[in-house]
Amino acid sequence: MFKFSDDTNYAMPAHFGGWPGRPQPATYHDVTSITVSYETDPGMLTAFIPEPFEKTESVLTIQYSMCRRVDWMGGGGYNLITVGVPVAYVRRERIEGLYVLVIWENRTAPILTGREQTGMPKIFADIEDPHQLGDRLLANASYDGWTFLRMDFRQVKQMSPAELLRLNQQAGTVNAFGWRYIPNIGRPGAALSLATLFPQDLVAGAAWLGEGRIHWEALSPEQYHTYYPITQALSQLPIKSYRDGLMTQGRVVLRNDLARQLD
Amino acid sequence: MFKFSDDTNYAMPAHFGGWPGRPQPATYHDVTSITVSYETDPGMLTAFIPEPFEKTESVLTIQYSMCRRVDWMGGGGYNLITVGVPVAYVRRERIEGLYVLVIWENRTAPILTGREQTGMPKIFADIEDPHQLGDRLLANASYDGWTFLRMDFRQVKQMSPAELLRLNQQAGTVNAFGWRYIPNIGRPGAALSLATLFPQDLVAGAAWLGEGRIHWEALSPEQYHTYYPITQALSQLPIKSYRDGLMTQGRVVLRNDLARQLD
Amino acid sequence: MFKFSDDTNYAMPAHFGGWPGRPQPATYHDVTSITVSYETDPGMLTAFIPEPFEKTESVLTIQYSMCRRVDWMGGGGYNLITVGVPVAYVRRERIEGLYVLVIWENRTAPILTGREQTGMPKIFADIEDPHQLGDRLLANASYDGWTFLRMDFRQVKQMSPAELLRLNQQAGTVNAFGWRYIPNIGRPGAALSLATLFPQDLVAGAAWLGEGRIHWEALSPEQYHTYYPITQALSQLPIKSYRDGLMTQGRVVLRNDLARQLD
Amino acid sequence: MFKFSDDTNYAMPAHFGGWPGRPQPATYHDVTSITVSYETDPGMLTAFIPEPFEKTESVLTIQYSMCRRVDWMGGGGYNLITVGVPVAYVRRERIEGLYVLVIWENRTAPILTGREQTGMPKIFADIEDPHQLGDRLLANASYDGWTFLRMDFRQVKQMSPAELLRLNQQAGTVNAFGWRYIPNIGRPGAALSLATLFPQDLVAGAAWLGEGRIHWEALSPEQYHTYYPITQALSQLPIKSYRDGLMTQGRVVLRNDLARQLD
């Protein structure tokens, strides 16, 4: 018979075996990211943030990342789009970071580990590699052929070595906050429901300041079953003013070793 | 602020809202399935089965299903391959059914609901629609371009209306057993670890007896990170003798209303 | 050395060998089609029609087809969307048929044979299987995640056996007209430029009258390089009034044996 | 009515309009290539080469290329695998180059232009981005989930600036030879059949010497309709000894302006 061991890490299906030891940092050797942020309505944004998080700015941040040379994926990769809000966690300790509203990814394996191991709200979308023509980049996200997000970016100025150093020192670690929710079976309510922390380190080798623009398309139930409310909610948030955009190329380390449940 | 309600069903991301009421049956109006089974080594098979399940036959069942007109997916669909073993659950009650070793699916959304809501061990693979040339059908599963499963089937005899009626009466409900395992964050061991039951009803509108053949290819870590041990384990199980194969077309109802945790 | 034979049919790459004999009919055993047509501006439509074709109606026909059990593809299949105009070929003989403006397909192999062997103007798009929820069907076409076509259809009334018989008798053969154009190398102008005829037979096993709606989205050069003018041209044609829609399920035979160059 | 102009370049569908002027060079700003070559049986290789080409070495060259920032594709890209043989064209002039046996690409648009405009024998395959783990790279090609090519590469030594300069000077231009073959309609034989030249320039910004290994899998008709003979022919060529492998990153310019028909 198959027996579970308490010293072992498993993921479903567990009965083919797990792996020993504590979770290790996961290195992504080749990551290109484009970040576009804008101010939006404070009240509408707060409605998505659970206690004990407190919004620190009324800003929505959309980050596109193309990840390659991912060690735990045998050197393969995937594309993702993270949508978050700057917050502080304020119960018993204060931690500044980004409350993640949703992450779209175009591969299932990191969606599963992110949801089940660290409570990151990852769901699937088709996400092309970004297209680059001169200093213009264009990215999108779609589901079953229905576009719901367009991101335009223009590189304005490449960072100098000194600026890059400062970027890596100031913005090198991001505290991503999630909420791991596992439902009861066959009835409403939660079997697990807790805030989580999942830090990530970035070492950029090149970076560009730039201007970005976002366009959301609200999809309907017949276009994006289950998840259409997300596109509707995000498309209703007004875009009041854009912040400076940023594009980086470099290495990212997911700190599974520092991930933890908050309470 | 966002507040969770105990009367509501959520899935991550929860903060865009959930849905009320008890889980409902999910109808798949158009499902084509091909089932191939073979006897294999009893001891090797038992090594994958956790207590309190007891193997009732030393048989591995591989079922390919092409699902379309799935109501909860807005009428869309997906393909899947279920690998299971006939067992009985024997603690406090006796329930006959199929212990599911692994389910490969080519869409992420049903993978997420299956894993998180009912403990079905679903992972991603590329699964083409089956090819049919005369009475021969061919299906496969692959990951990132690496084939790991080939299924051949030949229709030998279409069932008569009387045989079809008997099939629907005898094999109409399948008790699928899973094991919902959600890990601790940042350390080994389980936050949740429990056996689950997820019944499914089939009403076949047409069926064929036939002969099926299976070929497993063992993938290596660089081909199928994380999940290669599954292909290695299944390819090592000897194929002693094939049972009769079966192909059906019809309607399937997933009984989310009857899904429950076993203990 | 490799030598070409005049009695052999080749396709690039030719040097791995060709196949003997005259072209044969190609049977598609399982085809689901949805056809939506509308009246549009006569002058704008005529601008796309070359001599010696004459428009017989100011109608644009959009037909979605999901093809499976295609013999020449080893029993596999593909999805396509054909956009055409009712015309007559009027040089030396009169042949009624459909002048094909564009065909989008989601597989490359039939695109190549269609273009090179019969002058069908096929290009690539992502085309999902249609979604069906009750009597509503929804289909789309997109490129690199950018939606450019939406087709809605509602089944109003299934045809009786007598109506089906009449349909098969009246609409069973479609004369598709194309224009095979192969350019000079390294300079403007044509190496080959000729009208073509490619008949197709349909035997419907079931059919529904219904109501269809079409929405075109005009894509820009950065979204759909090379082919964006097609989406712009079609989206500019006014939709004056819809004709009755039609959905069929059945068998289609491409009459490669009757395909010929017109002149 | 639509009228063709002799001063215009068209591709099917032509009636939406063409573009003026002579063909222009096409720049691919970001190309990663891995080249593996091996000596094979001279006689078996010659059987694929038509006159007036003469094999200059009994070598098969397999080159994987990941192309991004392709100007004519709006800054998008695609992956391809080119299989060729070193030859000289020897009628009326002598041109050294590579006779292309087959090119697999994972996008349809460049397949169409390559075949129709320059006679490059391009067909479709699924081709993942290469996976890189440390100094090891792994790539493959498959069709409908059936793997037919595996390429392993190990970086042994990065080239010095002096070596890179020499590489760009010596290997910077490749004369690719094709054979444009367009069949008659409805009967055997050719409407067009002529040798073609399509030069390409490479400017590498980084390069690695390395060791590569190739594994071909012969597919059957039910796995790879139409094109399975190519996988069978290539898998039968013996691998006598490998040449040094090469990996480059840089810019490629397709010289459409120098492409021409040979005769």
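When the chains are written out, they are named A, B, C and D in that same order, and each has its own residue count from 1.
FYI, contacts are C-beta pairs under 8 Å (C-beta built on N, C-alpha and C of every residue); 3 or more make two chains touch, one makes a residue touch a chain.
Small disclaimer: the values here were computed from a predicted structure and weren't measured.
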Shortest path length from chain A to chain C (each step joins two touching chains): 1
Topological distance between chain B and chain D, in contact steps: 1
Pair sharing more residue contacts (C-beta pairs) when C-D is set against B-C: C-D
Identity of the chain that, by mean CA position, is farthest from chain D: B
Copies chain A and chain D touch via same or different residues, half shared test: same
Whole-Å separation of chain centres (CA-atom averages), chain C against chain D: 30
Distance between the centres, which are taken as Cα means, of chain C and chain B, whole angstrom: 38
Shared-contact residues (touching 2 or more other chains) in chain D: 73-76, 128, 131, 133, 136, 138, 144, 222-223
Touching residues (chain side chain B, partner chain A) in the complex: 1-4, 6-17, 20-23, 46-51, 72-76, 100-102, 107-109, 111-112, 115-124, 144, 178-183, 185-193, 196, 221-227, 229-230, 233, 256-261
Chain D - residues contacting chain A, complex: 29-30, 68-69, 71, 73-77, 128-129, 131-133, 136-138
Complex contact set, residues of chain A against chain C: 126-128, 131, 133, 136, 138, 140-142, 144-147, 222-223
